[in-house]
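Mind having a look at this structure? Questions to follow.
Chain lettering (A, B and C) follows the sequence in which the chains are written, and residue indices restart at 1 in each chain.
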């Protein structure tokens, strides 16, 4: 049928557009960063210098900032997220579970620039006075504490990141937990178990893989988050050595420096940073897909 | 007791009575005394008593006004067509019914003289003492065979003092007639077993916590004939030490396996289940008092 | 046996370990509840701050005037910018996304469809700053200026995978029997896809587009690199010149030392938040069992 053929080709063509756009982005990242790799090689990844005047560029501080802020964010978001998901899915009475679910989704819906604004103008001020100043002044000599009490540092950025990725973990974990057959859960209750024991011994082990995949996806989100982080992380070129040190992620470095960057090696270096970030985030998507392959509902439908 | 002439009925071995207070042979079924005085009944372990029990979901009753006296160390069958509330009633006996939102039980359900729905009795405690085997085998998939069996014992989060888990695992698997088949692969995952084996694993798991009563909800309905036969033999064997209540839609199975039978039907007007008649299996199948019973067991309807 | 059993207590009495297990359960459930409360409390806190601080900025001037003389005037340019960029981007991304979603949903065995699905999934995980870099390189750099058109393209690229995947999910929920019934009536396959299957899933497809729109309205990073020209633009309708938008307005003014501008940032946040939350709640009402991630 002519109509069918045309329609099929049309939809296929649109599908190809999706592939083409992704491909174009990949190509552009590779080509655009070419000069950087040929100039610095892998040294780009290990160098800590970012000096447009001297023409020296290195990614290490930003990779370090990205990784540490994301790991710290995960350290907070994973327990809180899983706890929330378990609470909603297993323990909360319906009247409470529904509002909590909505609340979590609304957190996800808040634009990151607004979270950044709040983080900059409210959270960092609160933290600076009540948390950071006391700790830095008294314990600043301890390792991993850091030196900044301004509130614009790794700590604040990690908190914001944690807030932003928690809904991902909650939503996906809740789905996975709900998909564990009730029969297994009830089986433990039939032996005289409490509801918590049924969750701990039967439901969570069965949901382990799915929850892990959810966390990997959340990690990917954390790695790539730009605006909120840029607003509170302190915009420095140094590798952070302490919790209360200013830092910079790959994304925030690109965002901060792009407009003033001179066309040429500097922009190419920013593109190279983008490539590194793209590789990091795409790896998490691929890893999550592999982990969750064939398990339950489709992973991570987008917002 | 002379062997009744219902086809397939196995003559039951008479286990000599151990307790001085237990009457010789089986305590005859009788209606619950109106004044609720159980003084005449020895409070042996595993005596289940239902008095005017109604199970409803919201305002809709599933089964109404049930009075049953289930003597210890016997197999009690509950039969009837689908929709008569058999499963609801069974789940009311170990408070699993509470897991269904809106479910409500009225009347008295007593275990050894104590109302299991009393305010100071906790549901997990009831379920520890009144075990359950579900319709479809439900071993815990993330656990090995051994861990499945010992799951009920590990609920405290650690070993109970003085309990040798391995010994209990072996004993339970032997009682469930599964030991020989799995003794070499106790660490492998439970899901590698066949359906019949999984169900016996679930029975072993239930036995490991040493319940006084074991509730079985159509335990053979998803199994083949051979597996079914094995489990029926198991039931007969277990009833020497445990009270067993088995819901089954299979009349022949009820006749084969049980000491007493209770027939439920659906009330035409109100669409709820009710107890038609209960008594020794022999009497129910060969000369019941109620005409409906006679018709049902002879297959004339249902 | 029985007399001594009664004397020791009923087997339905609690043991020591029963009480311990119950207390342990209470503790863990309380912990989980605290986690949930943290999330909810933070949400309330943020919305509260935005509302409290933003109200001060909302005025007729704020909503009807663009930036005048550095810190006089209001957010009109930003509002108009968002109103320009987002619908245009949606108009570009929605047809492509819907058709691509149909392709992936219907041709499930095709290897090409599989690649499309993976591409969409990958794209939706790509940080938006990278999309900004991409569009900058292919449009802004050659043309020599930031432009609304570049911003539209960037937003469209960001919306595209969201719409594609959501549409695929929605279409998969339509029972196969609907399709079969239509085909059995002699309706050609392509017509079935559009008039029957799509129409059945229409609410879900609209949801998909709205999710995409919601994401586009909130998008900042890529716009900073493409459409944002410094915030002064007022050429609404000219795709070739730069334009402000609510998110970039907020971003730029948030770091300003001028408290008036900071207040304006709060005000714009309030406007943006209202828009985005309204969209989100609308989506919630329209659809069954969806979640925004």
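Here, contacts are C-beta pairs under 8 Å (C-beta built on N, C-alpha and C of every residue); 3 or more make two chains touch, one makes a residue touch a chain.
Since the model is a prediction, treat every value here as computed from it, not as a measurement.
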item	value
Chain whose mean Cα position lies farthest from subunit A	B
Highest-count interface - the chain pair sharing the most C-beta contacts	A-C
Inter-centroid spacing, subunit C versus subunit A (mean Cα positions, whole Å)	16
Subunit B and subunit C: spacing of chain centres that average the CA atoms, whole Å	53
Junction residues of subunit A - those touching two or more other chains	194, 197
Residue list for subunit C, restricted to those that touch at least two other chains	21-22, 24
Two or more partner chains touched - positions in subunit B	124-126, 129, 155
Complex contacts: residues of subunit C adjacent to subunit B	1-3, 5-6, 10-14, 17-18, 20-22, 24
In the complex with subunit B, residue positions of subunit A that touch it	181, 183-184, 186-194, 197, 201-202, 205-206, 208
Subunit A partner contacts - residues on subunit B that touch it in the complex	94, 96, 99, 124-129, 131-132, 134, 136, 138-143, 151-152, 154-155, 202, 205-206, 209
Touching residues (chain side subunit A, partner subunit C) in the complex	1, 3-4, 6-8, 10-12, 14-19, 21-22, 24-25, 28-29, 32, 79-81, 83-84, 86-88, 91-92, 99-100, 102-118, 120-122, 163, 166-168, 170-172, 175, 194-197, 200, 217, 220-221, 223-227, 231, 251, 254-255, 258-259, 263, 270-271, 274, 277-278, 281-282, 284-286, 289, 298, 300-303
Touching residues on subunit B, where the partner in the complex is subunit C	18-19, 21, 42-45, 111-114, 116, 121-122, 124-126, 129, 155-157, 160, 212
